[in-house]
Each structure stands twice: as C-alpha cells, then as structure tokens.
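Chains: A, B and C, in written order; residue numbering restarts at 1 for each.
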Amino acid sequence: MMIRKIISAVFVGACGLAVVVALIPLAFVLFFVLSQGLQSLNLDFFLHNPRPVGETGGGMANAIVGTLILTTLAAAMAVPIGILSGVYLSEYRGSRFASAVRFAADTLNGVPSIVIGVFAYAVVVLPLGHFSTLAGGFALGVMMIPIIARTTEELLLLVPHTLREGALALGATRGRAVFTVIVPAALPGIITGVVLALARIAGETAPLLFTSFNNAFFSTSLTQPIASITVQVFTYAISPYEDWHRQAWAGALVLVAIVLICSMAARIAAARIVRIRGL
Amino acid sequence: MESSVAIPRPTLKPRDPQPNPNQQLKIDVEHLSFFYGEKRALEDISIKIQPSVVTAFIGPSGCGKSTFLRTLNRMNDIIPGARVDGRVCIDGEDIYGPGVDVVAMRRKVGMVFQKSNPFPKSIFENVAYGLRINKMTSSKSELAGRVEESLKQAALWDEVKDRLHESALAMSGGQQQRLCIARALAVKPEILLMDEPASALDPIATQRIEELIYHLKTNFTIVIVTHNMQQAARVSDYTAFFWLGRLVEYERTDKMFTAPSEKLTEDYLTGRFG
Amino acid sequence: MRSTDLRFRIGIGVFAAALLLIVVAIGITLANDSSLSLQRFGFRFWRTSNWDPVAGEFGALPFIWGTFYSSVLALAIATPVALGIAVFISELCPQALRAPLMFLTELLAAIPSIVYGLWGIFVLVPAVRAIEASMPEGLRALPLFSGPPFGVGMLAAALILAVMVVPFTSAVAREVLKTVPMTQREAAFALGATRFEAIRAAMFYARTGIIGAVMLGFGRALGETMAVTMVIGNNPQVSLSLFAPQYTMAAVIANEFTEAANALYLSALIEIGLVLFVITLLVNVLSRGLIWSMAPP
C-alpha cells in the first residue's frame, strides 16, 4: 500500500516537473530576447534601412514595412478564400466534397512551410523570372488559408441553430441567412482567428527565403524582392558581424512582441465575446 | 420510470429489519452538510444504517440523494471546491477525519454507477482490475478464482464463462452493469453504494439487478439511490426520503410506504409533486 | 433545391474548391518539377550519401537520415514532458493555475521558429558545446558521443526540436484526455485506486488519441526548418554521433535553394521537397486518423 502511494506521489511530482522543464526554455528564450533585444532597440532601428556590410548602425525599417506588406498581401488572398471555405465546410458538413475540402485543409496545415516556399517559387517566381513580394505574399497566404478555414468552420458551428431558424422563418434565403445572421454572430471570433493567423505567419521565415528573398533597400514594389523582419534576422544571425547580431536580437524582440500582443488581444477579445454574448 | 406493462414481479420477501441496539452501526452519519463552493447542497443530515440491510434513498431530481451517496465513499473529493461539515462514521471511524487512508476506505466501500462504466478491457481484466491494484491475490490461479467467484456473485458467470477475454464493451447494457457490480464485489467491500444502477436498463435487466441485490444483502450493507419508488418498495428494508438537500424521513420501507409520518413524504409518494 | 440556394452553394463552393486545388497543385508541382532528378537518379538518389552538387554528385541519404534521427530524438525527449504537462493541466493542477499554464504552453508554440533559432545559435549551442567538451573520455569512445565538440550538431537540433514539439503534443493530448468520460476515473477511484492508477486508467482509455498526439508532434519535427538549420551544422554526413554536424531535408532546401546553379541541382532539391511533403502528409493523416477515432471532429 505504501509503495502504491509513493509511486502515485512520484508520478504527480514528475508531471509537475514536466511543466517546469518545459517552461525553463520559454523563460530562457524570453529572457534573452528581452535583454539582448532591448539593448539594441532604438529609434534608428525603426526608421533607418540597413547599412552596407561591415558598417555599424542602421536599422530594419525596410524589413518592418516589408513584413507589413507581405502579411497584408497574404491576408488579402487568404481571408476571402479561408472564410468562405469555412462557411462551406460548416453549411454542407456532411457532403463528400466538404469532407474532401476539410481533409485538404488539415493536410495543408501540416505541410512544412519550406515546402510551401518551394511551391510558391514554382508558381510565381519561375514565371515572373525573379523573386518578388507577390511570391512571398502568395506563400504566406497559402499557409493562412487552412488556418482561417478551420477556425471559421468551428466558430460557425457554435452559433446556435435557433438563430438560423429564426432567419429562415422570416423568409430569408439560405445565403441571406448565412451572411446576414450567422456569420455576423461568429464574426468577432472569426476576426480573432484571422489576427492570430496573421501573427503566426508574420513570424515565418522559410517560405520567404526564395520567394520574396531579401532586399537591402527600401522597397514597396510588388514585383521586386522585399525585405522582411524574419529573413533579415536570419541573415544577420548567421553573419559574422557583432553589430548585425545585436540587430538580429532586436528584430527577434519585435517578432515576439507582435506575437504576444496579438495573442493577448485575441484572448481578451475572446473573453469579452463569451461574456457579452454568452456563447 | 413508470411502466404500464405488467411485469412479472419477483416475489421478494424483505427480511424483517429489527433494529438491534447491540449491533454496531455500519454507517453512522452525524449532521452532515455538503457545499459546492458557496452553494450548500446537503443540509444537516443524520442517519444510522445497520449492517446487512438494504437502504433506499428516494426523492425528486436534484434533491441531493446522489450527492449524499457520494459522500459516503468520499467520491466528492475529486470535485474542486467541495466541502464537508459533520461526520460520516463507517464501523465507528469518521472517514473525513485526519489521517484517514482514503484509498483503503474506498476498497471497503464499493460503488456502482448510474451508467455502467466498464474499462475498455476484457471481461476478465475488468473484474481483475481492483484485485491487481490492491494486490489482493498472490497467484494467477487465485486471481482467476476470485474473478470467477465475483462473476458468480453478480449472476453473470454462466453468460460469460466462455468469453472471459472478449471486450467488456461488447456486452449488453444490463450485462455491463452486472459486470460493474462483479468488479466492485471482487475487492470484497463491506458496503455497496449503488447510484441508480438500473435506470439505464430495460425492465428485464432491471429485474435481474433487483434479484441480485436481494441475494447480496446477506453479506453486504447496500445503499441504493433510486428515482423509482416502486423499486425502492420492492428492494429495500429501509427508505430515506430526501428533498432539497435535507433528509425528510427515514423509516422502515413497509411503514414508510403505507403510513409515512411526514406530509411531504406522503405527497411525494402519492405523486403530488416530483 | 431553390436556384438561389444553388447559386449560394456554388458561389462559396468555388472558394472551397480553391483550397482543394491548392493542395493538389502542390503535389503536382513538386512531382513535376522534380521529374528531372527523379528520372536521372531514381532510387539511387536516396541510397547514396555523397552530396556534392558542384561535382555533380547527388546523394541524399544524409538528409533523410538527419531528418529522422533528429525527429526521433526530439520525440524521445519531448513526449514524456508533453504528456506530463497534459496530465498535469487536465488532471492535477488547481483550477486557478489552469488558465495561466495553458497560456504559457500556447506561448511556447507561438514563438517563431527563427527566434528559437537565434536563441539556439547564441545560447543553446555554446551550452551544448560546453556539455560536449566536458564529456568524460570513457564515453567519448562510444559512437554516440564521438567527434569534436562543435556545439552545433544533432544534439542541439534534437533539443531545440523537442522544445518546439512539446506544446503541440501537449495541447492535443490535453484535448484527448478531455474526451475520456469522468466515470472511467471514478470507477477506478471507487475500487481503491491511487491518483496515479486512476490517471493511468484514463490514459489507457485514451491511448489511441495519445499516440496520435505524439505522431502529430513527430510530423511537426520532421518539417521544422529554421531553428534546425541554425543549430545542426549543415554537414551532409550520416553519423550516429550526437556531436556530429548533420543535415536535414528541410535545412538543405532552405540553405541551398538560392544557390542551385543548374536545373538538375534545383530539381534535386525539389525532389527532396517532394519526399518531405509525402512523408509529412502520411504522418499527419495517420495521426489525425488516430485522434479522430477518439474524438470525431
């Protein structure tokens, strides 16, 4: 009997230990990103472009703008396709086509981001003949679509069916009922989902390595390569220059800040939605 | 569940429960109150239960009878925010006292749940589970013997003796419930708590469970929660009527069903509310 | 069906079809653009280990070796931790701690791969180098620990992958444990089980789903690119040693894609991408099947 109790206590302790073990790297990473990144974060970082190789100073202004443009492009492509696919998946749940689409969405979710980069290369970079913002935005968009589709589907399913019945009973067509009643009911959650997806792809590097590539100069052209925070951090990190390493930490801090702010905003929004609507 | 079909009633003759003042009480509850966080679910319940009797807890839904049953083997401990005031003495010892070995106590006080919950293992492994974890047998043959004994006690042996190693989930609902009873019996409890054991079963299966209870009570003290008043009348020696978390009346079954002392009890039994 | 309803269905169906089309297109494009390499090398591609594209040698065995070795190691480290967390959060921890712990594990998952990679280069690798340098001579002789203490190598890669896999496996395992009916644990408790024994009963009930969760983590590790390429050393060799710099499929594509000077080289890299795509697809489908058998979507 004693042995059993001891085993049980050891097990409980081990589970608690697992939590601690997992949180240690988290604490480590956040600590280093914060301490190293804050040192190097200054106004220059946000306002200036990178200096030529070997010179100190400069910043990531072009990369920040680049990330903004790339994520906007991705969203422009992914939000319509993602949301409407999600609507289809929830409206026609049982159909074979919906099952195939759902399978495809989950598959796409699991495709390594580097492979998506290769796909975007073949589809956009090769025909165009060079790297471009469009290619990067396309790659990121492809990654966003299944995330948004599945979140939308799940949220729409949570909307009480009494809402739909009410709309139909008043003479609305199916399409009308969906777009004027059901989607708006789920909209806050859908927007939260989009924001979280954006935060996620803003941190992606691999799909950009040979699509949007990189650009030492400030550029907003869609058909030219463009800098991005993630690729810039990568380039700086593997370089031999101390100054670039510092800037890489600063870039990492910006990325983590984006992720943190979006996650917390999404949580607060979700909590408020649940409170207000009692969903 | 009221049935309009005439079911052949077992001719059970409840043993005449004569309270013996010299016999030690099996379960002695004193002023028990139970709280879910701030909400009080049970109020000041006191009840004395003799060994080897069947006691039925009856009352409308939500009156606390299941909650009270679960305090008797501290099953409510796993609910966060649960709190108990008062004493529950089993064989003279307060199970909520300091230093009580809950794990050992739960072996002594067995429980059968409303919906049968066999483990996703074979029939044999289900019954053997309690024996294994409590290390109650020392050889494979002893284990097999105890499993057979429990299955016979639960009147299931003949039906499953040729398929002991098939999945428990392949049995009918009534068989699964009898399996759960066998599983509980295997660890040789002294008290058996049954929370609406037949409510999910058809009338034939229900009848078999009731017969089982009748045969078991010589060796066990049984407490059964039921929302079926006729079942309580058929099966129990004593009945306790609960309403809104309080114990309203506790009496010998034959007396309670013919001449209840409380008006509330009478109203419930005659169906004026419920 | 009314015509307006039909138009609605087709209208949004087009977008859903786009999703389906993209996945199919990925497969077709990868297969198509690697045809040069597929035809030229066939299975030899994956059996030889000499990767020297400049000299025209394309042996891709080191990549598949490195991918699987690093992922299996990562899984070995991450699985007990992830399951421990899942059990702790869903079965053991006080109500008040639940939300913050879930938030923190989600944070682990949300940190971008490049940030892990950066931390990997400047913090993890020096630490691993120190560990490797302090290995006693006796252990050094084993093939598992042979080689100079570079710091970068299989060990660093496995560690960083483990950190990244833990939150995924743990989140799915938690969901799976939630589907185990409370009565299973209650039945165990009622028979006199200790906490450990009751949780073990619940985990037994959920075993298919838990295996699925672990496989999902495996799939994640297989495809991880940035963090791995920054700490694994990027050396195409097949080695059992944890200290040896090695290479993975994802890493070689990331590093050499822009330097592929000729069509054959590019096609070879795309073939690696194709195989990576197929492997992760199979692992993901299998894991989802296992999880859905317990908790249908």
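Note that in this section a residue touches a chain if its C-beta (ideal position, glycine included) is under 8 Å from a C-beta of that chain, and two chains touch if they have at least 3 such contacts.
The shown structure was predicted, so the numbers you read here are calculated from the model rather than taken from an experiment.
Following the contact convention of this document, A is the list of chains adjacent to both chain B and chain C.
Interface comparison, A-C versus A-B: the pair with the greater number of contacting C-beta pairs is A-C. Central chain by Cα centroid: C, whose mean Cα position is closest to the mean of all protein Cα atoms. Annotation: 49 Å between the Cα-based centres of chain B and chain C.
Here the spacing of chain A and chain C, counted between their Cα centres, is 18 Å. The mean-CA centres of chain A and chain B are about 54 angstrom from one another, to the nearest whole unit.
The set of chain C residues touching two or more other chains comprises 194, 197. In chain B, 103-104, 133 are the positions where the chain touches two or more neighbouring chains simultaneously. For chain A, the set of residues that touch two or more other chains comprises 4-5.
On chain B, the positions that touch chain A within their shared complex are 101, 103-104, 133.
Residues of chain C touching chain A in their complex: 2, 4-5, 7-9, 11-13, 15-20, 22-26, 29-30, 33, 80-85, 87-89, 92, 101, 103-108, 110-119, 121-123, 163, 166-167, 170, 194-197, 199, 219, 222-226, 230, 250, 253-254, 257-258, 269-270, 273, 276-277, 280-281, 283-285, 288, 297.
Those residues of chain A whose C-beta lies close enough to touch chain C in the complex are 4-5, 7-8, 11-12, 14-19, 21-23, 25-26, 28-29, 32-33, 36, 80-81, 84-85, 87-89, 91-92, 97-98, 100-102, 104-108, 110-119, 121-123, 142, 145-146, 149, 173-175, 178, 199-200, 202-206, 209-210, 213, 230, 233-234, 237-238, 245, 248-249, 252, 255-256, 259-260, 263, 267. For chain B in complex with chain C, the residues that touch the partner chain are 73, 75, 78, 80-81, 103-104, 106-107, 110-111, 113, 115, 117-121, 129-130, 133-134, 180, 183-184, 187. Listing the residues of chain C that touch chain B in their complex gives 94-95, 181, 183-194, 197, 201, 204-205.
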